[in-house]
Structures are given as structure tokens and as C-alpha cells.
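One chain, subunit A, links the two complexes that follow: it is found with subunit B in the first and with subunit C in the second.
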Partner chain A sequence: MKRISGWSLIRLYTILVYVFMFAPIVAVIILSFNPQQFGSFPMKGFSFEWYVKLAGNETILRAFKNSMVLGSLTAILTTAIGIPAAMAFVRYDFPGKNSLNTLLLAPIMIPEVVLGVALLLFIRWLQQPKSFLLLLIGHVVITLPYVLLVVQARLVGIKREYEEAAMSLGASPFQAFREITFPLLMPAILAGMLFSFTISFDDVTATLFWATASNQTVPVKIFGMLRNSISPEINALGTVMIILTISIPLLAGYLSRKFSKET
Partner chain B sequence: MTQERNPRLVRFEGIVKRFGTVTAVEKMDLDIAEGTLVTLLGPSGCGKTTLLRMIAGLEDPTEGDIYIKGERINDIPIHKRNLGMIFQNYALFPHKTIFDNVAFGLKYRNVNKAEVEKKVTQALEMVRLPGVEKRMPAQLSGGQQQRIALARAIVIEPDVLLMDEPLSALDENLREEMRREVDNLQQMLGVTTIFVTHDQREALSMSDKIVVMKDGKKLQEGTPDEVYNQPNNHFVADFLGHSNFAEGEVVGKENRFVKVRLKDGTIFRVEDTGRFQEGEPVELVVRAQKFDAFRQEEFTPDPEMNYFEGKIRDRSYMGGEVSYFVELPDGTEVHIISMMRTRIYEVGDSVSVQVAPRHCHLLPIET
Partner chain C sequence: MQEKPWKPWALLSPSLSAVFLLLVVPVCFIVVYSFWLRAPSGADIPAFQFGNYAKFFEDFFYPSILIRTIRVALETVILCLVMGYIPAYFFYRSESRHKSILLLLIMLPFWISFIIRTLSWINILGDSGLINYLLIEMGILNEPLSMLYNEGAVLMGLLQYLLPFMILNVYVSLDGIDKSLLEAARSLGCTEWQAFKEVVLPLSMPGVSAGCLLVFVLTAGTYLPPMILGGPGNDMIANLIFKRIIGTLDWPFGSAISVILLVLLGIIVFTYNRYLGINQIFKTLQ
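Here is the complex of A and B:
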């Protein structure tokens, strides 16, 4: 009997942890359909009012577009850099390999505030203005470690023999990569792109330092809005963000499963 | 065979390979004749795989030259060497169908589509797996996958077929079957094959020539019969089969025999090869299978034979034969393997053991 009560305690504890984690998110989603100006329970009805308002808000739409463009470019650029880097780290030996690898992974361990300020000081030292390019570079720096880790892990699992077999059959090193390694890496590449997109799409701390008035992202915009007033519009925006960040990975997972079944 | 065979289709000249401070291959000279199957045999870490990878172009020799068909290939990259390579773990491309796997090498050889299909079908028939074109590698068993790998390698008609322990990932029964298959296919196609293995049975049964390697050095090269029956040194005698060793000294010659006195005073007569002279220290080698054991009271010594007496210490069945360890009066143990058709002794039995001089060999003492 004692053992059972011990387990039920743990079970209760676990449930509480999840409630604490997800209750605010659920509250945001529910309150986004609340027609009142000041969201509180019990709700006085159900409406899409704030979503309609959101769709008409020029600055938010612009921020949304910024976020999408920035996230996509970050994902593409990061994988474009990450794949060859991972290949070099896993398949080749060169002096300074370990230090360089640590350096590229460092942004995971450095607080984003530090990273944000550092890049800002660097750009000041170069006497360049803050720009979209700065934001893009910053996001690539932040997301590169994730792509590197995911692609490297997968690459370690792809036996060298595949490439060696391809080359022994007449494929040049590049052809062997294109025909063999790249398709086998595809799941990791997709995962890496998703990581970098969602991280870029969600990032607040570092982006606060780098964004200008003309290229604000959605999270920065929300942060700004919260400082002035607590508009229920934010609930609606938050809901949209939540749905996006959850559904994109799910969709990608579904697609990759579907493709792997077909081939 | 109307065509003259090239006795040096593959040629190593003074090949040295070092990894940092470790020497993997040391001053290797080796010729491989066209159409033969040559086995590189040795324990792991002896440099046999490194040697194979150097022919393939997957490693560069630190020193020396490699020639294929008289052409120095040191600087030719792997994909231009026209070699077929078989790996221990098959290395079939997991995301490609069997057809695409086998056809892979033909893509880089300007073969038209109809021809590709014909060649792939032929290759699959040759490895006795017709009709699997549309399947994925994961849907085949290990043995089948290795056959596909074989088809993929031979379809490009390589100058040399390189096999890196191709059978060691298969289980015992399948290995025997695949071994015969590889052997037959090699003879049918007449493709020069270099086979790396640590399994002496594989090496002895398939090879035209065996190269025994240890610590990056070639210890002996010859036909399976030569390496097995006339080992050059202690390692080769020990690595192939079950051998007994005893140190002694040449004490004289008599007719066509050399007389060797062992440490315990026994005189052994060994066929004279002219290699050793009176007074030289030698090591006597006798294969465990060459002894005949008799019950002591039933034994009549034959003056032509060598014999000694001992007690059975240990006995184990090995299926078709029985393995005994016989303890001599001075405490040394001799390993004897006798066929089941002779009588079976019990542990503790006193036996007389006899061996013919032609089954005894002498080796120089290694320092």
C-alpha cells in the first residue's frame, strides 16, 4: 500500500508540474476569444474580435512578415553553413578542429544578453548602422550550434563506407556527397532548419538589442505592446504564435515520415 | 586460356604506411597475378586492411609505389581507379532500391539505359538473386545484402575486386555458403581479387595465394598448401592450424633425416631440407592432427617413427574429431587432434604417441 501511495504522490507532482507549465498558455488561448477589454474569468462571451483587429494592425502584420522572412533566411543560411561545417568536423582532420568546434557551439552557452551586446559593440566598432543584415547575422550565430549538433550527430551515424563505396564505384567526392550523404542527412537537415526557424521566430532577448524600428519581429513587437498596455490583441497574437511554432514541426515530422515511407 | 596472364596486375613496391608515429605497413613488396584470388591473412592490426585501402585509394602510402596494370596509381583518385570494393557491413545505399544500388557504378561509365538494365539483371542472376530490383536493402537478409554488394561491384567489370572481411558479419552456416559462392564467382569471372580476412579457414579454402601478415610485415607468401605445410616461421605455424612447438638443437644427420635433440633429451628425426646444420638451435613444429596415439601396452615402436609417452590430461569433442592434451613426464603438454574413427581415450590413460618424420618441421629460433 505504501508503494502505491508513493507512486500516486509522484503522479500528482508530475501533473502539477505540467499544469503550471501549460496553464498560462491555455489561459492565453482561451482569453484570446474573450470579447472584453480586460481579460478575466468568467468570460462574457465568445468572439473573434481581437483576431479581426490583429489582421488589420499594419505594424503587427509588418512585424509578422519580418519574422517570417528573418526566420526563413536564418534557416537557409544556417543550414548552408552548418552542413559543410559538420562534414568538416566529422569527416576530416585539421589543426584547431576542436577549438573551432567549441567556438561555433559557444553561443549555446553564452547568455543571449551578452551575445546581443557583444554583436552590437562589434557593429559600432565597425561603424556600421543597425540593419536587417545585423539581425540576420545575429540569428545565424544563435542558431548555428543547433544545426551543427543535429547534423553532426546524424553524420556520425552515417558510415563512411557508404561514401567510400560510392567513390569506389566511380563517383567523385562531390557526387558521392550529393547522391549518398546528402539524402541520408536529409532528416537532420530538415530538423536543423526547423530548429533555426523556430528559435529565430521566438527569440526576444538578443533580438531586442539588434532590432530597429523598421525591422521589428513579432516577439519584440509583443514585448513593446506589453509595455504600453495589456491589449487582448496580444492574446490573439500569442495564440497565432503558439499554433505556428507547434504546427510547423508537427507538419515537418508528418511530411518526413510520409516521404520516407514512399521512397 | 589463350590470353597471356599478367603476373603483375597489381604490384606494390616498398610500400610504407605510417599513421603519426604508428607504422601500419612496413616495406611491403608484393605482386598479384591477373585472375588470381590473393588473401591477406593476419590478426587484427596487422596492416592487411590498410594495404587493401591503399590499393583502393582510400589511404595514401607514406612511401613506395602501387601499380595496377603497370600504371602507377598513387596519384589517381579512388573514383578513377576502376575497382570493385566489398565491405564487411555491405555498405549498400539504404535509400536506394536494389536496382539503383547495382546500377550506381554504371552511371559514371556512360552506359545507355537499356544496357544498364541488361547488365543489372545479369549481375543479379550471377549472384542468384534475380527479381529483387525494386526492393530496398533493409528488406534483404545479411547474406542477400552481401550478394547485392557483390553484384554492385562486379557489374562495373573492375580491374581488381577488393574484399574487406566480407564474410565476417554473416553467421557461421551462411558464411560457408557465401564463401563458396564468392569462390565460384571469382573463378567464373576470372577477376583478380584481393581478399582480406583473419579467418584461416576462409584463406586456406579460397586462395590461390595467401599472404600472411603481422605487425605490418609480410611473413610468408605462397599457396595455401605451402603456407600450411611449410611455414617459414613460428607465427605462421602458430596462426594457421593447431601446432606444437619444442625447442631443440640439431645433433646430427642420418640418411635423409636431421636428428634434433629436444630439451628433455628426446631425439626427434625430421626430414632434411638442408636448411639447418649440426649444432644449430632450432624449433620443432608438429601439427596437432599429425600425431597418432596408442594405448601404451599395445604399442610397438617403429624405428622409422618419432614417439614419446604421456598421460591424457584433457579431452574435448570437436564434432568430427577429438582434441587431447597429453602431458609428458617433464610436465610439458602436447596438443593432439585425432579423428573419431580411432578409439577414444579417457583422461588419465597412458598413451604412446607417434609421428612420422615427414610431418615434423624445423624453424629457426626467433629472438
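Here is the complex of A and C:
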């Protein structure tokens, strides 16, 4: 009997931790439908008013477009340089391998504020203005370690023998890569791109250093709106962001399962 | 595979040059700049002097922000451990069919915008937030309790941000413990509690220490929660750097503060790596 009561306490505790984690997020979603001027409890009805306002807000739409373009380009660039690096670490042995791996993962442990200052200082020394390019290269540095981790974990499962078998059956190295390795790599590529897109899309701290008024991203825009207290419009924008950033990985998970069934 | 020794280097070169050029070189720039002088006109003068560091430790104002940063980071580590260990243990022992969904839910916040998660606490803790609304409706309070813009609110935001890191680190460690060890302990006469204390707890320590390090490092460099949920007296070191660089454009002093933060984190990470090994952390992040 004692075992059961101990276990139910553990279960209750876990439920409470979940409530703690999710109550604020749920509150954002609920309050985004509040028609009142101030986004607070109690709810005085249910309306899509703030979403309509949002869809008509020029600057927010521009920030959205910026975030999407930046996130997509970051995803492509980071994955393009990250996958070869991950292959080098998984497939080859070479001197200094461990230290280089640690170096490439280091940006995870360096505070974003410091990354922000460092790159900005460098750009200033080069006498270049803040630009979209600065945001892009900055986001590549921030997302690269995560892509490396995710892709390396998937690559371990792809055996070198498959390629060698193809080549011993007469395929050229390029053919072997195109026909064998690349399709097997596809889930890793997708995961890497997805991860870097989301991290880029969500990033605030370093982006605050690098963004200018004309290339603000959505989180930077939200940060600016927050100066004059939290409005239902922010809750509505938050809800859109939550739905977007959650549905993308779910969709990708579904796609990659479908993909792996076919191959 | 040994035939072309240059091949891994060719594969690595784009990433290595990106990190070298965009991370290593700029961080060196911070170090160099931290010795420079700032003219009254606002121009930066190349120099080699320790004035910026001396300014930081001149009176109690700046060191107190450093000490507050360390204190808040330690508080966050302890709270994350207290709140995170039990759910991780629950996942380890649970036989529930819903276990994988519950684990997925813990990962979910990683995908939700950090700024949304931080400001969502305003809806809960604000003067017209959920808690005050409920307390006033129930007649417990007459006027709203002020819960925002203090260290407690900052801790709420930090906890919600960092708890998943702790839970996952501990869970990965727990998951590697063979359950037959528990059965063996039980059959040898241990109580459930003794089996936990003598077998599970010591074996989960690598995950606990990795989680603590990660939470500490991420808290010490955090900018957003103190900015959004804290008041004027809750600034942490990252807020100070931001104010000096973006606010007053004092690049040399801002650089010096950044170096101080990096040195603090460097000492902690290297000490950890020396005694416990850093790879556990990267293992969990996969």
C-alpha cells in the first residue's frame, strides 16, 4: 500500500510540473481570443478581432516575411556546411578530431549576448553597416552546433558498407552517393534544416544586436511591442508563432515517417 | 578509407572556416577591445591598459551585478533539480502507454518561441493576471498582489525555460540504468526508498551534474527573462553588457564585461570538464 501512495505522489508531482510548464502558454492562447482592450482575465467573450487586426498590420507582416526568409536561408546554409562536417566526424579518423568537434559545438556554451557583441564588433572594425547578411551569418553560427549534433546522431546509423557494396557492383563514387547515401541522408538533412529554421525563427537575444529597424524579425518586433505592456495583439501573434513552430516539426516527423516507409 | 587523408579536412573546411572567422576571430576582437580606451568624444582609442577592468571592480555596483548573476544561476540550478528530478524518475519507472507522448510534451517548449514563453508569465503573474484574478474572485484578496518585476518572476521565466534541459539530462542518465539492478536490490531486502537511494540516485549523478552545468551556464548568460520579467534591480550581467554596448555605445567597457562573463563561464566549464567530462551534455542534446 505504501508503494502505491509513494508512486501516486510522484505522479501528482509530475502533473503539477506539467501544469507549471504549460499554464502560461495556454493562457496566451486563451487570452488571444479576448475582445477586451487589455489582454487580461476575465474573458469578456470570444472573438477573432485581434487576429484580423494582426493580418492588417503592415510592420508585423513585414517582420514575418523577414523571419521566414532569414530562417529558410539559415536552414539551407547551415545544413549545407553542417552535413559534410558531420560526415567527416562520423566517417573518418584524423588527428585533433575530438578538439575540433568540441570547437564546433562551442557556440552552445557561449552566451548569446557575447556572440552578439563579438560579431557586431568585428563588423564595426571592418567598417561594414549592419545588414541582412550580418543576421544570416550570425544565425548560421548560432544554429551550426545544433545541426551538427542532430545530423551526427542520424549519420551513425548509415553504414559505409552500403556505399562500398554499390561501388563493388560497378557504381561510380558519385553514383553511389546519389543512389545510396543521399536518400539515406535525407531524414538527417530534413531534421537539420528544420532545427536550424526553428532556432533562427525564435532567436531574440543575438538578433537584437544585429537587426536594424528595416530587417526586424518577429521576436524582435514582439520585444519592441512589449515596451508598452502586453496587449491581446501580442497574445494573438504569440499564438500564431506557437502554432507555426509546433506544426512544422510535427509535419516533418510525419513526412519523414512516410519517407522511410517508402524507401 | 585511409587512401585520402585530406578528405575529412575538405568536408570540415566550410564549417571550420565559418566558426573560425565568425566566432573565434570576433571573440579575440572582444579581448583586444577590452584593453582599449574610450575618448570623451565617444571614439575608441587603441591602447593596452586595464582601466576597463579596474572600472568594473572600482566600487560595489558592477561586482554586485556579477554576484547577483551567480546567485540567480545557482537558485535556478537548485529549483530545476528539485522540480526536474521527480518527473525524470517518473518517466524512468512509468509503464504507462502514454509515456512517449509525455516525453514529447516535455520537448515541446523547445519548439515554442522563447520570447513568447517568457512574456506569457505576464498573463499569469500580472496585476490583472490569472493568479490575482482568481484570488480576488475568491475573496482572498481585495487588491492585486504585485508579483511581477522582481526576482521571483525572473526565476519563474528561467525555470520554465530551463526545466526541460534538466529533465532530459536526468532522464537520459536514468534510462541507462538496468532495471534488474533495482529488482536485485529489492530481492536482497531493500525497501523501495533504499533501492532508490543506494542504486538509482548514485547512478543518475552524471545526468544530474550535466543538467546542473548546462542550466548554470545558460542562466548566467541570460538576457531576456530579467529584461521582461525583472525590475530595475534585477539586471544580470547580460543586461549590463547590452546596456553598455547598445545603450551607451561604450565598446571597450562592454567588451571588458563580456570577457569577465566568458572567464567566469570558462573557469566553471573547464573545472567541470577536468573532473567529470563535458561529453555527457552533448550526448543529451541529441
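Just so we're on the same page, the second predicted complex is superposed on the first by the 254 of 263 C-alpha atoms of A that agree within 3 Å, B and C clash if a C-alpha of one lies under 4 Å from a C-alpha of the other, contacts with A are read in each partner's own complex, and residues count from 1 in each chain.
As a convention for this text, contacts are C-beta pairs under 8 Å (C-beta built on N, C-alpha and C of every residue); 3 or more make two chains touch, one makes a residue touch a chain.
Note that the structure is predicted; figures quoted are calculated from it, not measured.
Trainee: Subunit B versus subunit C on the shared subunit A, clash or fit?
Mentor: Subunit B and subunit C fit side by side in the superposed model.
Trainee: So, does A:Val52 touch the first partner subunit B, the second partner subunit C, both, or neither?
Mentor: In the superposition, A:Val52 touches no partner, neither subunit B nor subunit C.
Trainee: Using the touch definition from the top, say if A:Thr205 reaches subunit B (first), subunit C (second), both or neither.
Mentor: In the superposed model, A:Thr205 contacts subunit C only, not subunit B.
Trainee: Determine, under the contact definition given at the top, whether A:Pro249 touches first (subunit B), second (subunit C), both, or neither.
Mentor: second
Trainee: Looking at the overlay, does A:Glu161 come into contact with subunit B only (first), subunit C only (second), both, or neither?
Mentor: Touch status of A:Glu161: first partner only.
Trainee: Under the stated touch criterion, which partner chain does A:Gly138 make contact with: subunit B (first), subunit C (second), both, or neither?
Mentor: Touch status of A:Gly138: second partner only.
Trainee: Would you check which partner chain A:Ala171 touches, where first means subunit B only, second means subunit C only, and both and neither mean what they say?
Mentor: first
Trainee: Touch check for A:Ile180: first (subunit B), second (subunit C), both, or neither?
Mentor: In the superposition, A:Ile180 contacts subunit B only.
Trainee: Which partner, once the models are overlaid, touches more of subunit A's residues, subunit C or subunit B?
Mentor: Of subunit B and subunit C, C contacts more residues of subunit A.
Trainee: Applying the touch criterion given at the start, work out whether A:Leu115 contacts subunit B, subunit C, both or neither, answering first, second, both or neither.
Mentor: A:Leu115 sits against subunit C, while subunit B stays out of touch.
Trainee: After overlaying the two complexes, what is the shortest C-alpha distance between subunit B and subunit C, in Å?
Mentor: Closest C-alpha pair between subunit B and subunit C: 6 Å.
Trainee: Looking at the complex, which residues from subunit B come into contact with subunit A?
Mentor: Per the touch definition, subunit B meets subunit A at residues 56, 58, 77-85, 87, 89, 91-95, 104-105, 107-109, 149, 152-153, 156, 162.
Trainee: Touching residues of subunit A toward subunit C in the complex: what are they?
Mentor: Touch list, subunit A to subunit C: 2-3, 6-7, 10-11, 13-14, 17-18, 20-25, 27-28, 31, 38-42, 80-82, 84-85, 87-88, 91-92, 94, 100, 102-115, 117-122, 124-125, 137-138, 140-141, 144, 146, 148-150, 152-153, 160, 198, 201-205, 208-209, 218-219, 222-223, 226, 229-230, 234-235, 238, 241-242, 245-246, 248-249.
Trainee: Where on subunit A does subunit B make contact in their complex?
Mentor: Contact set of subunit A toward subunit B: 159, 161-162, 164-173, 175-176, 179-180, 183-184, 263.
Trainee: Under the definition above, what is the set of subunit C residues touching subunit A in their complex?
Mentor: 1, 5, 7-12, 14-16, 18-19, 22-27, 29-30, 33, 83-84, 86-87, 89-90, 93, 102, 105-106, 108-109, 111-117, 119-124, 126, 128-130, 133, 159-160, 163-164, 192-193, 217, 220-224, 228, 238, 241-242, 245-246, 251, 254-255, 258, 261-262, 265, 269, 278, 282, 285-286
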